[in-house]
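Below, subunit A partners subunit B and then partners subunit C, in two separate complexes.
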Partner chain A sequence: MRAVRVVAVNVFRESVRDRVPYNLVLFAVLLIGSSYLIGQLTAGQDVKIIKDLGLAATSVFGLFIAIFIGIGLVSKEVERRSIYALLSKPVSRAQFIIGKYAGLVLTLAVNVSVMAVAVYVILGYMVWTEPPTIRAGWDAPGIDPALLKAIFLIFIELMLVTAIALFFSTFSSPILSAAMTFGLYVAGHFNSDLKNFERVVSSKTAARLARGAYHILPDLSAFDVKTEVVHGLPVTFGYLGSTALYGLAYVAALLLVSTFIFSRRDFK
Partner chain B sequence: MRQKDLGIAVMAGVAFAAAISIQIARDRWYPRDDPQREQILYVTSGPALQRIALSFDAVLADVYWIRAIQHYGGDRLSGPTAQTKYTLLYPLLDLTTTLDPYFNIAYRFGAIFLSEAYPGGPGRPEQSVALLRKAITVMPHKWQYYHDIGFVYYWRLRDYQSAAVWFQRAAAQPNAPNWLTPLAASMLVRGNDRAAARFLWQQIAKSEEAWLRRSAERSLLQLQALDQIDHLQAIVQKYPPASGEPHTWSGLMKRAGLPGQPVDPVGMPYVLDPVTGRVRVSEQSPLSPMPEEPRPLQ
Partner chain C sequence: MPSAIRIEELTKDYAIGFWRRRSYRALDRLTLDIESGEVFGFLGPNGAGKTTTLKLLMQLIFPTSGRAEILGRPVGDITTRRRIGYLPENPSFYDYLTAEELLGYFGELFGYSGPDRRKRVSGLLDRVGIGAERRLQLRKFSKGMIQRVGIAQALLNDPEVVFLDEPMSGLDPLGRRDVRQLILELRDQGRTVFFSSHILADAEALCRRVAVVAGGRLAASGALADILAFQVHGWELVMSGASPDLVSRVKPAIRRATEISPGRYSLELSLDQPPDRILAELTAAGASLVSLNPMRDTLEDFFMKRVAEMGTGARAPHAEETRASR
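This part shows the complex of A and B:
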């Protein structure tokens, strides 16, 4: 466990050294700037747009971090040949993989938390400046705790994307890993279309194939509850819990496969 | 394989199976079918989409074409329970043909199915004509588009004058078949007879596209059924039941010496209205709903 912690903390420190937190400054500037501009442009929908923008930016910034750091987690160590020094220490390959993953997830957790705070600060300012008559017309309260549901699922989704990037990183080059991770990310968001394929085609074989693909590909569209949350529609805790559990089980499967592949790699 | 590796592989399999099981359970307990989702057209402006697509407009056209087919197929298979009722068919085909103006099949698909009455299509012949007119602006010498507009005017809008004009325009295009000129003349003289409709569908049935052929073959069977219904109706009138008795197939079979209960061209028994004696195709028949026939000019 100690070995995993050491590797994880190292990954986190490295991401700080790589100036990853700079994106948080960019995020805050984007939100503050857009909240002012949107306030001038929209008729009473500025809070909705700030929420949309805040959640989308959290997701996109997190995605970039997950993919671009995730793909280098293993391959960078191999390219730099630092893997030899690392594996000569009392660190098993499984601990190495899990530690690397945990380090990036820690980075993402810090990022997502800071972004969430920034969104709430901006929303608090909007609530403070808007008169009660305008606030009464909003679909959901300005400072809505339900936003945390969307942020929570964004975080689980980012954990899953990180696991995908790490998985590709164990056997492929960084560029190829980035392309494949991004491809799976896009496919994962269209995945729900495969679920009800039998409503579209009459061929049972095609419908079964589509259903199989629906289960095998990561079901990333399930993590997207942004629209529901922004419009104040209910997202049950049952749905949140089962989706999070699904994400964690998928992450576990990917980490185990990554460990399996990595443990069979020959670094002699 | 080492035992440790095997253990990891087994655990990975178990974790993956757990993920799928949770996914299935979640879909069952917390279904998230959003009817609005189907109706979303992410981008409605073709020119805007063309710019967004950069140099991938042809690929994007293929994506929209697939979406159009899925939308059409989904609503067709859902039948009367369909939520969208083909509302996106025209915009999807319009976007497809804006992204790829030479997407011949998209125009012809629209010509046939946009004009088809509900539940076979949205019943919007004017959208068919709009799409085909768009095709003509891109490919002004393709006689098929003029022919298709003429067909929509004839078969769906029953405007024989306009149909004749469009058939004449089709005949004037290079490589147009020689049957178009007499067809236009026949439109002007008689408006409609079933033979003209049959002839037009037979031409469409020669298409290289399987779905177009299937649609034409179904329409030809419907025309055959209309012939049979006319024949049966004459028999019903010739051999009416005794006063006060209802119309039944068993009674008619005895009176007219029919060998059995008449069936439509796909083998489904015809329905005989006991009160009026009207013969019609069964609602369970794949030929139902029957087309409303164009009427001859008075």
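This part shows the complex of A and C:
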């Protein structure tokens, strides 16, 4: 356990030294700038747009970190040969993989938390500046705790994307890993369409293949509750729990396969 | 003496080629036994299989066949890694860390507590000659300084067995002297040092026993003195007070005569020509003996000869394929 923690902390330190947190500045500028502009353009709907934008930006910024750092987690170590000295220490390859993964998840957790705080600060400012008559017309409260439900599922989704990126990086090049992770991310968001593919195709084989793909590919659309949260629609804790469990099970499976592949790999 | 490292029939094949996969044998049935507490030189030209062997011992790659043990445990055993140190060839570390942070990171992996870790790190960096630079990020370090940091990290856990892959690489003469001194200190502390090198002078200065690999195969192994003892190929007789006429008279019996200074000659005799008779003839004619020495191959000569015998001097691709197809 200690080895996993030590490796994870080093990944976090690397991301800080590589100036990953700078994306938070960009995020804040984007959010503040757009809230100002939106405030000028619309009346009454602006809080919804800010919530939408804030959640979408949290998701996209997190996605970039998950993919672009995730694909380098293992391959960078192998390329720069730093893994040689590391694996001669009392660290198993499984501990290395899990530590690397945990480190990036820690980076994402800090990132997503800061972004969530930033969204709430902007919303707080809007609540403070909007007159009570406009606030009365909002679907959901300005500072809505339900946003945390969407942020929680965004975080689980990012954990899953990180595991996918790490999985690909255990056996392929960074560019290929990025392409495959992004491809899987897109496919994962359209996964639910594959479930009922027989309605749009006549070929039974195609329908069966689509059904198979539906079961294998991660269903990332399940993690997207942004619309429900923004419009004040209910998202139950049962749904949150089952979706999180699904995500974590998928992560566990990916880490298991990644470890299996990595444990057999030669570092030439 | 118990074995610190045992290598039995260790073989590593790589698959090469994209469409037409063929096998390439990087290491061929290597068997070695390294005693506890000795400094063992693992010698060979570039591409001979030295780094492959070390990577197999560190389980960075997996053998095609054969086995190896370190301190009586199979390689790859995590608990053994607490008792060994490894310097990779041309080491490369996390360039965003300082030397201090890197060693601190590895120290944490060994489970050293804060004060103990800091003391070890500081002491080792002093030992390898990294001063105030220890607080600079490694991306600002020269190759020689990285090599020194690499040596420090290999010694962080007071290892019983130290594996050093080309430890002198990238070091200036001062650095080489320091590393030699360090290896001798490790030997004096009773640690086992297994180091690879293509610089034979290092082996001559440090090792009692060596193994020579060429083309992925063991060319020779044993005590350095034994290996060289077989390589006596003649005698060198240095005489003073010898006239040119006298030297001309004995010339048919000698291989080469070189005038060092007036009246002083170096005479080379072949091995099948015992020096006694010529020495008697020369001294009877008034010359005096200055020295008589057996002429031995240096390790360098031995090395080149064995590599040439094995036909892998430049490790040409065809030679590799020939070996792989055997």
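Criterion: the second predicted complex is superposed on the first by the 261 of 268 C-alpha atoms of A that agree within 3 Å, B and C clash if a C-alpha of one lies under 4 Å from a C-alpha of the other, contacts with A are read in each partner's own complex, and residues count from 1 in each chain.
The working rule: contacts are C-beta pairs under 8 Å (C-beta built on N, C-alpha and C of every residue); 3 or more make two chains touch, one makes a residue touch a chain.
As the structure is a prediction and not an experimental result, all values here were calculated from the model.
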| item | value |
| --- | --- |
| First, second, both or neither for A:Ala3, with subunit B first and subunit C second | second |
| Touching partner for A:Arg81 - first (subunit B), second (subunit C), both, neither | second |
| Partner chain in contact with A:Phe64 - subunit B first, subunit C second, else both or neither | neither |
| Touched partner set for A:Ala222, first subunit B, second subunit C, both or neither | first |
| First (subunit B), second (subunit C), both or neither touched by A:Arg264 | both |
| Partner chain(s) touched by A:Tyr246 [first = subunit B, second = subunit C, both, neither] | first |
| Partner chain(s) touched by A:Pro90 [first = subunit B, second = subunit C, both, neither] | second |
| First, second, both or neither for A:Arg17, with subunit B first and subunit C second | second |
| Shared subunit A surface residues [contacts with subunit B and with subunit C] | 264 |
| Residue numbers on subunit B that touch subunit A, as the complex places them | 4-5, 8-9, 11-13, 15-16, 18-20, 22-27, 29-30, 32-33, 70, 73-74, 77-78 |
| Parts of subunit C lying in touch with subunit A, wherever the complex brings them together | 14, 55, 58-62, 78-79, 81-82, 84-88, 90-97, 105-106, 108-111, 150, 153-154, 163 |
| In the complex with subunit B, residue positions of subunit A that touch it | 94, 192, 195-196, 199-202, 215, 219, 222, 236, 238-239, 242-243, 245-246, 249-250, 252-253, 256-257, 259-260, 263-264 |
| Footprint of subunit C on subunit A - complex, ascending | 2-3, 6-7, 10, 13-14, 17-18, 80-92, 264, 266-268 |
